[in-house]
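There's a structure below that I have some questions on.
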Amino acid sequence: MLDKIGIAKRIAQELRDGWYVNLGIGIPTLVANYVPAGMKVEFQSENGILGMGAFPWEGEEDADMINAGKQTVTLKKGAALFDSANSFAMIRGQHIQLTVLGAMEVSEKGDIANWKIPGKMVKGMGGAMDLVASAENIIVAMMHVNKAGESKLLKECTLPLTGTRCVKKIVTELAVLEIVEGGFRLLERAPGISVEHIDKCTEGNLIIAGEIPEMKI
Amino acid sequence: MNKVVHDVQEAIQGIENGMTIMFGGFGLCGIPENCIAALVRAGVRDLTCISNNAGVDDFGLGLLLKNKQIKKMISSYVGENDEFERQMLSGELEVDLIPQGSLAERCRAGGAGIPAFFTPAGYGTEVAHGKEVRIFNGKPHILESSLTADFAIVKAWKGDHFGNLIYKGTARNFNPMMAMAGKITIAEVEILVEPGDLDPNFIHTPGIFVQRIFQGEKYEKRIEQRTIRKR
Amino acid sequence: MLDKIGIAKRIAQELRDGWYVNLGIGIPTLVANYVPAGMKVEFQSENGILGMGAFPWEGEEDADMINAGKQTVTLKKGAALFDSANSFAMIRGQHIQLTVLGAMEVSEKGDIANWKIPGKMVKGMGGAMDLVASAENIIVAMMHVNKAGESKLLKECTLPLTGTRCVKKIVTELAVLEIVEGGFRLLERAPGISVEHIDKCTEGNLIIAGEIPEMKI
Amino acid sequence: MNKVVHDVQEAIQGIENGMTIMFGGFGLCGIPENCIAALVRAGVRDLTCISNNAGVDDFGLGLLLKNKQIKKMISSYVGENDEFERQMLSGELEVDLIPQGSLAERCRAGGAGIPAFFTPAGYGTEVAHGKEVRIFNGKPHILESSLTADFAIVKAWKGDHFGNLIYKGTARNFNPMMAMAGKITIAEVEILVEPGDLDPNFIHTPGIFVQRIFQGEKYEKRIEQRTIRKR
């Protein structure tokens, strides 16, 4: 079973040289720490950064330089700053090659829910609805089951949707899965996790074709 | 073309109960601190506020919320504010949550004389309720309308007497498009300079969009998430 | 009868302190030379200037600094430069208080034609269609009659339209007129020009109410 | 993220007969001189060119026109080019004339993932033929669709290896929005610099919109109307 860092590391393997990538808050943010050596990837932050760098050294925090998670950050060489309309022009216009974000639920059709629990929690969708409606390549980073032990990979989402038929891949603590016609196709198992266990933890239709390799992290 | 007003009091003149006001800023970054404080002092009520976020409990728009001066919020993300969540769930506060990109574009459209546009964001979600859906290139889009406001209040780094503005870092965010969309746009700046002091080639908001400008007395510029690397 | 400079001077009287103004090619451009003393007016050029200044001194022409008529110009102190999308955001968004442009024909309803003579001349509309569709205050600067002696102030335009019901005022070599319900309302006569002459030169309905004063230039 | 190509030949690789190409520039100001010359040499034909103007008889896009390489022009103003008028009136050249603001916004929309928007420009004129009309705030608007291109070719003053661009003066014009709307965007610059040499706060076109960049060999920068004050 993977921890959060393991999930981030596995997602980092999906990066390709020359890509612009938008990382959501939480586990997705960690992906930036595991870019394969020698690979050039630029991170976009939807509040107006292209070429986002590491956290600042202590004492060098700048209130005017934050990421979409409101964390203080720095810029890499060759970075560019812009306003929110231009930022979402990049996103909506499909200039970003990969979006990684968290989810509360994903359906076997690729629907995603991650912004609202009616009557309980409403933080808002932020940029997530624009991202999932536009990105050609969306990877969800999340736990396979919730705290109550219920699957988050469902036939149908029960929570208000963020977007429909948009998720391409899911990386959880248990598995890597791909959305295909008919359901979640199992691509890889986490180290030490059986196909049976993944099947048990997946409420939506799980498609198991051939031998399922173990992830290499 | 001199748009300089004497102080924040003069800047907010004419803002009345029930008006719609846009506020620049993302989280606490690039918010018009001085104008928000003056609106708290002025006590105007029943405001409809268009702002990406709602501040935190004790800073930014959170100050107006706590003071019950806001009737309705139009935002994309309000996760950092418990008082907000309380007022919303209790029904005291009307809330219209819209995708961040649609919010930015709707403000820009309002300033640019584009009454409506199609976007894929929100299709198939509750954001699309009651909105026209149309397929372009095989993909469903929804029709979003423009947003304008009685007043837009923005915060810039530098500004000149004509209202030309330059923002700094990620404090730019929503400020430029909201500056475009206000019937009256108020700009508060950290540094007010003479016309000619800003390079015309690097102005983020041309002065035509700004009706009033002043240098704020002080800026706290609070950091929401202080993340650092230890040396 | 006014010459071109007279028309420009008369239009300059319509300027108000603090206005942003877009001037079309030809006579409208001349208006910039007659801004009343002490009045602050900024000129916008739709190719990306706010605060357009005079022509450059000889030898200081800059190929990268032209106006919408492709003439070399300079910037005034406090000018701003921007791209075409932002320029027309200013125009379409009604941030410009006055537009002055030329016309081939104007109708008594305020329609304007100035971009095409079918089969003969097609230069294109440039920014004129955006300007006339958006501006709240449009003044047309033109000759009252064409070279063949035919009126250009018509019941209906015969040429392809640039915009409908948009012109507010017209200043010609003969008169100042306002578009009102029912036709062209005569406001002022050019020095030495009779109401009868203006009437004869106006094909559209001319509304003459009370004494018509002579212009003061 | 290094997008530097060796020379103009490498830059225009892949441009084929029948393609749609956007060209930045207003009149002869801010046009990609080196790429236009290379396209003339390459002899690609049947191009659909999206450009505010069509150059003059012997410079700018006029060179491609004279060479009969252009099948269709999408422009707002073509008044400075006799050969253009001749080809158009004789029916050799297809022409789609559209309002300048709509052209700018349609390119921006193409780059920004907005398939269509409403504008008042052109209502009641032949530009509106076949287009949906809708009333907003009591005023009729027409629905305009976005424009994209197989290639967009823009010209900037300075650019870095990542494709970040800065324009100079009024040579900015259509370049930024066309840079957004090309499937492949080629930027030719007067001065190519290293990443980090441009201030991130004052970049006009972020590198994400640019796929290829090179420093042009030379720039004539011809002036169309040399207007001066005598000393």
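Which chain is which? They are A, B, C and D, in the order written, and residues in each are numbered from 1.
By our rule, a residue touches a chain if its C-beta (ideal position, glycine included) is under 8 Å from a C-beta of that chain, and two chains touch if they have at least 3 such contacts.
Quick caveat: nothing in here was measured; it's all calculated off a predicted structure.
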item: Those chains which touch chain D and also touch chain A; value: B
item: Chain located farthest away, centre of chain A as origin (C-alpha); value: C
item: Centroid spacing, where centroids are CA-atom means, of chain A and chain C in whole angstrom; value: 55
item: Intercentroid distance (Cα basis), chain D paired with chain C, Å; value: 28
item: Interchain centroid distance [CA atoms averaged], chain B/chain D, Å; value: 33
item: Numbers and ranges of chain A residues touching at least 2 other chains; value: 81-82, 88, 91-92, 134
item: Where chain B touches two or more other chains at once, by residue number; value: 105, 108, 112-114, 119-120, 167-169, 201
item: Touch-based graph of the chains, sorted into line, ring, star, complete or other; value: other
item: Interchain pairs in contact, sorted by label; value: A-B, A-D, B-C, B-D, C-D
item: Complex contact set, residues of chain A against chain B; value: 45-49, 54-73, 81-85, 87-88, 91-92, 111, 119, 121-130, 133-134, 160-165
item: Complex contacts: residues of chain D adjacent to chain B; value: 105, 109, 112-120, 134, 136-137, 141, 145, 166-169, 201-202
item: Footprint of chain C on chain B - complex, ascending; value: 1-2, 108, 110-114, 160-162, 164, 180, 195-196, 198, 200-201, 203, 206-209
item: In the complex with chain B, residue positions of chain C that touch it; value: 18, 20, 40, 42, 44, 50-51, 75, 77-82, 86, 88-96, 134
item: Residues of chain D defined as touching chain C within the complex; value: 26-30, 52, 75-80, 85, 88-89, 95, 97-105, 107-108, 119-127, 157, 167-177, 204, 221-231
